[in-house]
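The same subunit A turns up in both complexes below, where it pairs with subunit B and then with subunit C.
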Partner chain A sequence: MNGSPLVLEPVFFVGPVPITDPVIVTWVLMAVLALGCAILTRRLKLRPSRTQAALELFVTAIDGQLRDIVGGDTAPYRALIGTILVYVLVANWMSIVPGVEPPTAHIETDAALALIVFGATIWFGVRARGAGGYLKTFAEPSWVMIPLNLVEQITRTFSLIVRLFGNVMSGVFVVGIILSLAGLLVPIPLMALELLTGAVQAYIFAVLAAVFIGAAASEGG
Partner chain B sequence: MNWIEIVSIFSAALAVSFGAIGPALGEGRAVAAAMDAIARQPDAAGTLSRTLFVGLAMIETMAIYCLVIALLVLFANPFTS
Partner chain C sequence: MQIDWWTLGLQTVNALVLVWLLARFLFRPVANILSERRAEAEKTLDDAAAARKAAESEREKAKAEAAKTAAGRSAVLDAAQKEAEKQKTSLLAAARADADRLRDEAKAAIAGERRAEEKKMSARAGRLSVDIAKRLLERLPDEARIAGFIDGLAEGVAALPEAARAELGDGSGPMTLAAPRALQDAERDACKSALRKALGHDVDIKVAVDPDLIAGLELTGRHASVRNSFRADLEHLQAELTRHDDA
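Let's turn to the complex of A and B:
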C-alpha cells in the first residue's frame, strides 16, 4: 500500500494505453479461470468422477440459490451470475498472494463489474418484456414514481460499486497499516478475517446482481 | 498546513467516528436477534447464521461508505491543489 488507494500508477504502456496493476491481475485471473474451467469440464461423463461430482455440487448450489431469487428457469442467468461469483471470490482472495493486490480493491474494477450488472439488468428486462414493456415498468405503480425509479437504477449500481470497493480496499488498507506498525506475522488473523469478508462480499454481489436482474425480468408480470 | 487540510483531517475523523456508531448499534441488534432466534430454534442455526452474515455485511456497508468519504477527503480532496 503506497499512498492513496484511489490513484493508480501505470506499470507500462501499450501504445497510448496505460496498463495498471489491476488490469494485469485481472487478465491473469481470467486466463487461469478460463483454462481451469476448460480442463475441468473437458471429460464430462454420465458417471461422474470425484472432481466432476464436486463441480456439479457447486453448480447445483448456485442453481438452487438462483431459483430462490429469480424463480422458474435459471438457465439464462446461471452463466452470468456464476461467473460474477467465481471472479469476485477469486479476486477478493488475491489479497493472500504475496505482492498481489486484489483488483477489486480499486474502484475501476468494481465499476466495470457493476456496469456489467447494470447492462445485464436492461438486457434481460428488455428480452423478457420487450422494450416498451420494460420502459413501462418504470411507471409502476404510477407515473409519479418515474423519477424515483430512474434514480434507484443509478444509486443501486453506485452502492454496488462502493460496497465491494470499500470492503476489499479497507481490508487491504488495515492489513497494510498493521504490518507497518506491528511488523511481520501480526496481521495474519486480520487476513483470515479478510478471507471471510471476501467470500461474503462475493456472495452478496452475486445475490444482489441476481435480485436486480430477476426483478427487471419479472417485475409486475 | 493550511486551513483546508486541517479541517479535512478533522472532518475525516468525524465522518468515520460518527459513521461507525449507527452500524455498530444496528449490528448489535441484528446479532442479538439472531442469537435469540437460534436459542428458540437450534435446528435453523445454519440458515439463520447465513442470513445473519449477509445482513451484517449489508449493515457494515454503511460504515464503509463513511470510510470511503473519509478517504476521499484525505486523498482526493477537490479543494486542495
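Let's turn to the complex of A and C:
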C-alpha cells in the first residue's frame, strides 16, 4: 500500500471515470445480494420454509423498528432503511474477507449513504407536508432557530458520515497494524470485535436514518 | 485526505440501485407474502367465525327441531294412548258382548238340550209306563182288556157332537174298530150293541188288531174318532206331563 490509505487509487477507468475498490466491492455485493434475494424470494409460500421464515422475521423486525421510530405505515421507508441496514452490515463485515477492504472504510461510501439519507429526509418531509410546510419546520420553535436548524441538518449528516467512517476505518487500520506487528492469529479477536462493531454501526446508521426521516415526516403529520 | 467525487457519485448511484434491487427482490415480495398471509388468516378467521355462527345456528335449529320432535312424539304417544284406551274399551265391550252372546247361546243350547233330554226322558218314561202297563195288564184276564172298555167307548161316542155322531156309521163305509187282539164274537156283538145304542142306528164295523193299544178300543170313522184305550190315556198323560214341564 503506497501513500495514504485514505486515498483511493483507481483500479481501472471507464472512459474518464475511475473505478475504485469500494465501487467494485459494492457492485459485487449488489450482485450477490440481489441474486441471493431473488433466489430466496423466488418461491414464497403461505406456509413458509425455514429460510422464508427467517426472511419474514428480518422484514418484520425492520417493520417493527420503523413502527416504533416513525409510526404509522412503514412501507414507504422499509426498502430504504432496510437496504441501508443490509448494505452497511454486509459492507462492514467485508473486513473479514482477506484482501477486501470494506467499502464503508472509505468516506466516499459513507458520504454517499449519508447523502441519500439527507435527500430522503427532505423528500419524505416535503411529501408529508409540502415544500412550504417542510421549510417552515426550520423556523420551529422560533425563526431565531433557522440557522441552527440548517446547521443541524448539515452536522447530523456529517456525524453519520464520520461515525461510520471512523469506526470502520479505524477497525481496519487497527487490524492491519496488529497483523503487521504481531502475526497471523493475534488480530482474530480484534476481527471478531470488528464484526460486532460493524453490526452495531449498521444498526446505528439505519436507526439514525429512520429517526431523521421519521422526524421530518412526523413534523408534517 | 481527499474525496474521490467519482467514487462518491458512483456509490450514491450504487446505493440507490441497491435500494431498488432489494425492494424489488426482497422487501416487496416478503411484505406481499406477509400481507397475503395476514389476509388469508383473517379470511380463515372470518370463515371460522361464519362457520361457528352457522354451526351455532344449526345447533339451535337442531335443538328446536328436537324439541318439536319431542313435543310431536309426546302428542303422538298421547294420541296413541288415547286410541289404545279407546280400542281397549271397545274390545272389552265387544268381548263382553261376545261373552254375553256366547253365554246366552250356551244357556239357550243348554236349555234346548235339557228340553230335548227331558223330551227324550219323557218319551222314555212314556214307553216305560206303557211297558209297565202292558206287563200289569198281562196279569189281568184277557177279557178285561176289551170288555171293560166297551161302555167307555159308547160313552165317548155319545159325548160326540151330533154332527159327528151322525157322520159315524152313516153307511158310507164300515167304521174301523181297533182292538189289542182279535175280538170274539160275543165281544163284537157287545161292541155293536153298545154303539148302536149310543148312535141310535146300526153300525158296520171292521175290526183291526193293534197290540199297541194295550187295552181298550178305538173307533175311527171318516172324519171322527173315539179313543178309549190305555195307549190314548198314556199319550194324553205324557202330553200333559210334557206340557206341565215346559210350563
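The rule we apply is simple: the second predicted complex is superposed on the first by the 216 of 221 C-alpha atoms of A that agree within 3 Å, B and C clash if a C-alpha of one lies under 4 Å from a C-alpha of the other, contacts with A are read in each partner's own complex, and residues count from 1 in each chain.
Note that in this section contacts are C-beta pairs under 8 Å (C-beta built on N, C-alpha and C of every residue); 3 or more make two chains touch, one makes a residue touch a chain.
What you are looking at is a predicted structure, and each value in this text was computed from that prediction instead of being measured.
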Of subunit B and subunit C, the chain that contacts the larger number of subunit A residues
C
Touching A:6 in the superposition: subunit B (first), subunit C (second), both, neither?
both
I'd like to know which partner A:133 touches here: subunit B for first, subunit C for second, both or neither.
neither
Quick one: is A:18 in contact with subunit B, with subunit C, with both, or with neither? Answer first, second, both or neither.
second
Subunit B versus subunit C as contact partner of A:200, first or second or both or neither
first
Let me test your reading of the model: by the given contact rule, A:59 touches which partner, first (subunit B), second (subunit C), both or neither?
second
In the overlay, answer first, second, both or neither for which of subunit B and subunit C A:106 touches.
second
First (subunit B), second (subunit C), both or neither: which does A:76 touch?
neither
Which parts of subunit A are touched by subunit B and by subunit C alike?
4, 6-7
Which positions of subunit A touch subunit C when the two form their complex?
4, 6-8, 17-20, 22-23, 26-27, 29-30, 33-34, 37-38, 40-41, 44-46, 48, 52, 55-56, 58-60, 63, 75, 78-80, 82-84, 86-87, 103, 106-109, 111-113, 115-116
Using the touch definition up top, name the residues of subunit B that touch subunit A in the complex.
53-54, 57-58, 60-61, 64-65, 67-68, 71-72, 75-76
Subunit B-touching residues of subunit A, taken from the complex the two chains share:
3-7, 159, 162-163, 165-167, 170, 197, 200-201, 203-204, 207
Tell me, which parts of subunit C touch subunit A in their complex?
1-4, 6-12, 14-23, 25-34, 36-37, 40
